[in-house]
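Presented sequentially are two complexes of chain A, the first with chain B as partner and the second with chain C.
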Partner chain A sequence: MAAANKKRILYVQRRAPYGTLYAQEALEMLSMGAAFGQRVGIAFLDDGVFQLKAEQTPGALGMKNSGRMVRALELHDLEGIYVEQESLVERNLEPGQLVLAGKVLPRVELSQLMAEQDLVLSF
Partner chain B sequence: MKFALLVNEGPYQHQAADSAWHFARSALAKGHGISRVFFYHDGVYNGTRLGVVPQDERHIPERWALLAKEHGVDLVICVAAAQRRGILDAAEGRRHGKDADNLAEGFRIGGLGQLIESGIEADRLLVFGD
Partner chain C sequence: MSTLHLINKSPFEKDAFDSCLRHALPGSAVLLIEDGIYGALRGTAPGDCLEQATEQQRYVLVEDLRARGFGPEALVTGVQLVDYDGFVDLAVAHEPVQSWL
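And then the complex of A and B:
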């Protein structure tokens, strides 16, 4: 598909990784490549930033490690991995505690990024 | 305007499935189009045909099915989310060696590609969730 025809799609991860299945199923949706061929980005905000926390040990819960799932997404040709700055600060998290170095954006810039998308899928 | 809907919650427990249905019905009544409703997460439970609903309550799966029948709305249940939760059509049931199937009339099992496709083709994709 020609670059000009590609749609900009942003996945928005807003939930904590465990306790519900929202985060895992949203990450699965990305990893299954349903949107391949488009310009796909992923943004982590609100409790969604916890999905990026390093050193998670969810084995006792019988759930998949969200940090590892996100790392696997790096193998795909994503347009960007964005992390909301205020969400990190509100939860006493530093970028250095995350499994990857996403692009940390202040809330006002993230909302601008959302406005530029063709499709925003919020989970 | 042509809309596609994504429903992320099951029937009854959450308002989202009702809101999506009311939106779809109102939009159709005003002459807009609903190309597809895609069900993900617990939303796949909207497609069970085994619900036995008290007579004085709304029957959510049947209500969806009627929308499909009368307006040609494509009701698509995500295969990955559905398998995990035990929502199977006859072919899926056989394929996985199950002794039953439970997909309601008017619904079909599909893949996530159909969600992205409808999101791209529609003028708006609306997400109904918790």
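And then the complex of A and C:
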């Protein structure tokens, strides 16, 4: 498919992992959808940045490790993995504490990025 | 007996944490579980509020803390860690148990 025909799709991850299943379900959906030749990106903001925290050990909860699911995103040919700077600061998270090095963007730039998409899927 | 307050929602997403701290009486206990554990993180606005709530006993469920990638070093001072057995002990020692959903 020609690049011009590809839709720009952005997954917006706003929820913490484990308390609900939004995070895990969205990551699974992205993994399946990324294979269909669209221009897919993912952004982590608000409590969604907690999905990126290193050293998650949810074994006692019997749930999938969202940190590992996020790391698996690097296997896909994504447009970008974006992390909102203000969301990190509000939660006292440093980029070095995250499972991957996404592109850290200030809120104003992330707002612009979302506005440029053909489709925004928010979870 | 005094009340055990349970918070299981992120303070960054819902107002249950704020409302609980506004209503919890001196001598009561506040236990953060599930996404509620984010309310005890050092260097955050909710964490500062929890640290200042010195008239309440404050607890964090360690299993939920570890699951989310954090350890005791990430928490504000004055917070005690409990495991599932400790959760049961707290539930037995307090009445009523109020869940802030």
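The definition used in the following text is that the second predicted complex is superposed on the first by the 121 of 123 C-alpha atoms of A that agree within 3 Å, B and C clash if a C-alpha of one lies under 4 Å from a C-alpha of the other, contacts with A are read in each partner's own complex, and residues count from 1 in each chain.
Methods note: contacts are C-beta pairs under 8 Å (C-beta built on N, C-alpha and C of every residue); 3 or more make two chains touch, one makes a residue touch a chain.
If you're wondering where the values come from, they're calculated on a predicted model, not measured in any experiment.
After alignment on the shared chain A, the placement of chain B and chain C results in a side-by-side fit free of clashes. Once the two complexes are overlaid on the shared chain, A:74 sits clear of chain B and of chain C alike.
With both structures placed on the common chain, the touch criterion links A:60 to chain C but leaves chain B unconnected.
Looking at the shared chain after the overlay, A:38 reaches chain B, while chain C stays out of its contact range. Using the contact criterion defined above for the overlaid structures, shared-chain residue A:18 touches chain C, although it does not reach chain B. Note on chain A: of its two partners chain C and chain B, the one contacting more of its residues is C.
With chain A used for the fit, chain A forms the apex of an angle whose arms reach the C-alpha centres of chain B and chain C; rounded to a multiple of 10, it measures 90°. Legend: residue contacts after superposition of the two complexes on their common chain; A:29 is shown touching chain B, with no touch to chain C.
Per the superposed model, the minimal spacing between any CA atom of chain B and any CA atom of chain C is 11 Å. Once the two complexes are overlaid on chain A, none of the chain A residues touched by chain B in the first is touched by chain C in the second. Contacts from chain B toward chain A in the complex involve residues 6, 8, 40-41, 80-81, 111-113, 115-116, 119-120, 125, 127, 129. Listed in rising order, the residues of chain A touching chain B in the complex are 7, 9, 21-22, 25, 28-29, 32, 34-35, 38, 118-119, 121-123. Against chain C, in their complex, chain A makes its touches with residues 15-20, 46-47, 50, 53-61, 63, 67, 90-92, 97.
Residues 8-10, 12-13, 34-35, 38, 41-45, 47, 63-64, 66-70 of chain C touch chain A in their complex.
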